[in-house]
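Right, I'll just put the structure down here and ask away after.
Going by the order they are written in, the chains are A, B, C and D; count residues from 1 in each one.
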Amino acid sequence: MINKVVADAREAVSGIKDDMTVMFGGFGLCGIAENCILAVRDSGVTGLTCISNNAGVDDFGLGFLLATRQVKKMISSYVGENDEFERQMLSGELDVELIPQGTLAERCRAAGAGIPAFFTPAGYGTEVGEGKEVRSFDGKPHILEHAFDAQFAFVKAWKGDEAGNLIFKGTARNFNPMMAMAGKITVAEVEELVPAGELDPAQIHTPGIFVQRIFQGKNYEKRIEQRTTRPRNP
Amino acid sequence: MINKVVADAREAVSGIKDDMTVMFGGFGLCGIAENCILAVRDSGVTGLTCISNNAGVDDFGLGFLLATRQVKKMISSYVGENDEFERQMLSGELDVELIPQGTLAERCRAAGAGIPAFFTPAGYGTEVGEGKEVRSFDGKPHILEHAFDAQFAFVKAWKGDEAGNLIFKGTARNFNPMMAMAGKITVAEVEELVPAGELDPAQIHTPGIFVQRIFQGKNYEKRIEQRTTRPRNP
Amino acid sequence: MLDKNGIAQRIAQEMQDGWYVNLGIGIPTLVANYIPQGISVEFQSENGVLGMGPFPFEGEEDPDLINAGKQTITTMPGASFFDSAMSFAMIRGQHVQMTVLGAMEVSENGDIANWKIPGRMVKGMGGAMDLVASAENIIVAMMHTNKKGESKLLPNCSLPLTGVGCVRKIVTNLAVMDVREGSFHLVERAPGVTVQEIVEATAGALVVPEDVPEMRL
Amino acid sequence: MLDKNGIAQRIAQEMQDGWYVNLGIGIPTLVANYIPQGISVEFQSENGVLGMGPFPFEGEEDPDLINAGKQTITTMPGASFFDSAMSFAMIRGQHVQMTVLGAMEVSENGDIANWKIPGRMVKGMGGAMDLVASAENIIVAMMHTNKKGESKLLPNCSLPLTGVGCVRKIVTNLAVMDVREGSFHLVERAPGVTVQEIVEATAGALVVPEDVPEMRL
């Protein structure tokens, strides 16, 4: 079998070029490809169109790529908690396309599943629906949405094997599986990389067929954005 | 929490009525809801439209419902290995709609996911595409397919818990998860029913939200259609 | 008059045993604190969890276990994790029985605006557009008027819409109202609030029945 | 002239290291027996498994572990199971690099008919329509002529189509042909078969280059 295992993040992002469209998994700072983001930054590419549910924070996650102005356009459902993002958006340096979260997820899945377009009720009658085809089903209006097209997808999993199979932990799964399906080249970084055969085939979240490159990441910070707790009973 | 656990298959199929559209999970005889099929037979309902990838064999699986002529129409991707089926189809007693397997799966998922219609390349230029809307994406023609609408879905899982969460074994998963999503009332029969909390939340294949009734089935035959083996080395 | 917790408490009374519920950020989050006795519901968070539990004890926070507000959480027995496509399949497919979310404006025909104020930094709609376009049972939790004292219940929304004709019920600090047939319908008064106060605070068409009971909390 | 195993062996030469391959029922199934040395491929079966292994030893058959032909199978290290929607996502999304299937007829523009004979019991297309409409690399494995001795390589298919303009390569008992620009293009002769025999057995437009090498197995 062709070896999907690459040595590190630097090798994993090789081939990324200026003006590409790339996907980044994660929800907020949960389940983001920390190693790949830094490697993309260090690669020096510019003009990226990034498809990611969120845009990181000022000093972490995709905030790194915004700080260096490597991003031309963000396609997200929710951005914020990011002063540099706001500054670039308001100044017109950064183009932002906001998409309903479910539509974002489904457009990723559609890209991976060979479904070029589908109807959804989300966004009908709003700015999101402007200029889009409207059709009613059972009397309810829907809009036509299209699959994304991304050259790279950078996803983060908990465990992975050398065949590219991935298992995610808790809510760190989020957009990672669909983006893995959607990327022409999908790069997976994992906390633990094991030989093929060590993961239970019934528990694979993302089958290896969707993953072209895989490596074990390092130095995970896994920052918490909103640390909420409750008191222990006395 | 409302109790989803029902006593047996008879209680599980209560409410099924003549002329309903119902889904049955399984691929061939693998992963079929053996208990529910018998209970549907014993309920005496007739005029059913059955959505199922296959139609069982003469003396097992959906063959039981064909033998009693409770099925008005089969919607499947592949039928055969069933003499009574052939006889009823050729005599015009049974209506049969054949659908590409991937389209069948996707129409089930679409029903469960609130996607009323989607484009697929499968079937373009064939009988399957006749009368359907055609649209080209990137120069490739696709046809528009619609979500199914089913009152009941009968699925079979390996393990389930009282919250309705399901885990499937091997290739017995097949159509069961999408049909579970699609049924207005989804009935799950499982080989082992455990209290909520005993299954790992990260390993659930079908979240309980899709399952309205669940019970532990009995007397599973799990027939093999094509027993293929290789010799042991001497 | 109700405070935010009172609004949450009143909305919690709408829950039915066995329901799956999605709570938005802000007042809706508080609803989880007031589940009526004898009722059990499961909370869905659109980032990929069903069966959310309370916040973790200090020191037990898991960065891989958060809700859609990015808060650290726990799970209850019977919980499940799934990806975002599956999560919105649940929402779009109407498997979630009740959705509670805040609003900046609601119109008398049920339009809702809660994601964008022109001229200000826009953070995005997140999952709100999917939720309001899909759910059959959308309850809005909000103050009856904005900080300037202007009604948030309008003939038409002035802000960019999140969804059209989707709100079924509104619970504010002043009242409970149903939304149907192009009007707000007054159902209950908050404790100590008069019908006249509600009428004055409502800019859109308000149908007032003869008897408007005071809500019981 | 090749037998069925020879056809399978020749098709196996088309496989490249690391490819994901879907094999149809019949001759295509035999391709798995001839994977060239030094090459590793993973077999996908559309009922929901990637990384299929050989048949189980007698007594080790698992009714919950079958392929799309409903045969009992085993899995290789690195295998995964998934549902039918995910399986056809792989196929429709062109993640499977090579699809081999049988045919009753192929036309010179790459149309394929392999699922229905009018007037006979129709068993259904199964996953064939999804496979042929999606895959970029479809190889047909079949006999050059039918039982009556009539060519199965036609100007136009006479049977109901499975897919249009999708076949890229055909391997028969007589020859290897590429399909492009509205013609069959002769690439290789089977051992002991003359160009003339191939021309006579081919009803559709056949482009014959000056040199047609005999295939090496």
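Here is the rule we go by: contacts are C-beta pairs under 8 Å (C-beta built on N, C-alpha and C of every residue); 3 or more make two chains touch, one makes a residue touch a chain.
In this text the structure is predicted, and so the values were computed from the model without any measurement.
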item: For chain A and chain D, chains touching each; value: B
item: Which of B-C and A-C has more C-beta pairs touching across its chains; value: A-C
item: Cα-centroid distance, chain B relative to chain C, in whole angstrom; value: 36
item: Centre-to-centre distance between chain D and chain B (centres being mean Cα positions), rounded to whole Å; value: 28
item: Approximate Å spacing (C-alpha centroids) for the pair chain C, chain D; value: 55
item: Contacts with two or more other chains, residues of chain B listed in rising order; value: 106, 109, 113-115, 120-121, 168-170, 173, 201-202
item: For chain D, residues contacting two or more additional chains; value: 49, 81-82, 85, 88, 91-92, 134
item: Pairwise chain contacts under the document criterion; value: A-B, A-C, A-D, B-C, B-D
item: Contact set on chain A toward chain C in their complex; value: 27-31, 53, 76-80, 86, 89-90, 98, 100-106, 108-109, 120-128, 158, 168-178, 205, 222-232
item: Contact footprint of chain A on chain B as seen in their complex; value: 106, 110, 113-121, 135, 137-138, 142, 146, 167-170, 173, 201-203
item: Touching residues (chain side chain A, partner chain D) in the complex; value: 1-2, 109, 111-115, 161-163, 165, 181, 195-197, 201-202, 204, 207-210
item: In the complex, chain D residues that touch chain A; value: 17-18, 20, 40-42, 44, 49-51, 75-82, 85-86, 88-96, 134
item: List of chain D residues in touch with chain B within their complex; value: 45-49, 54-73, 81-85, 87-88, 91-92, 111, 116, 121-130, 133-134, 160-165
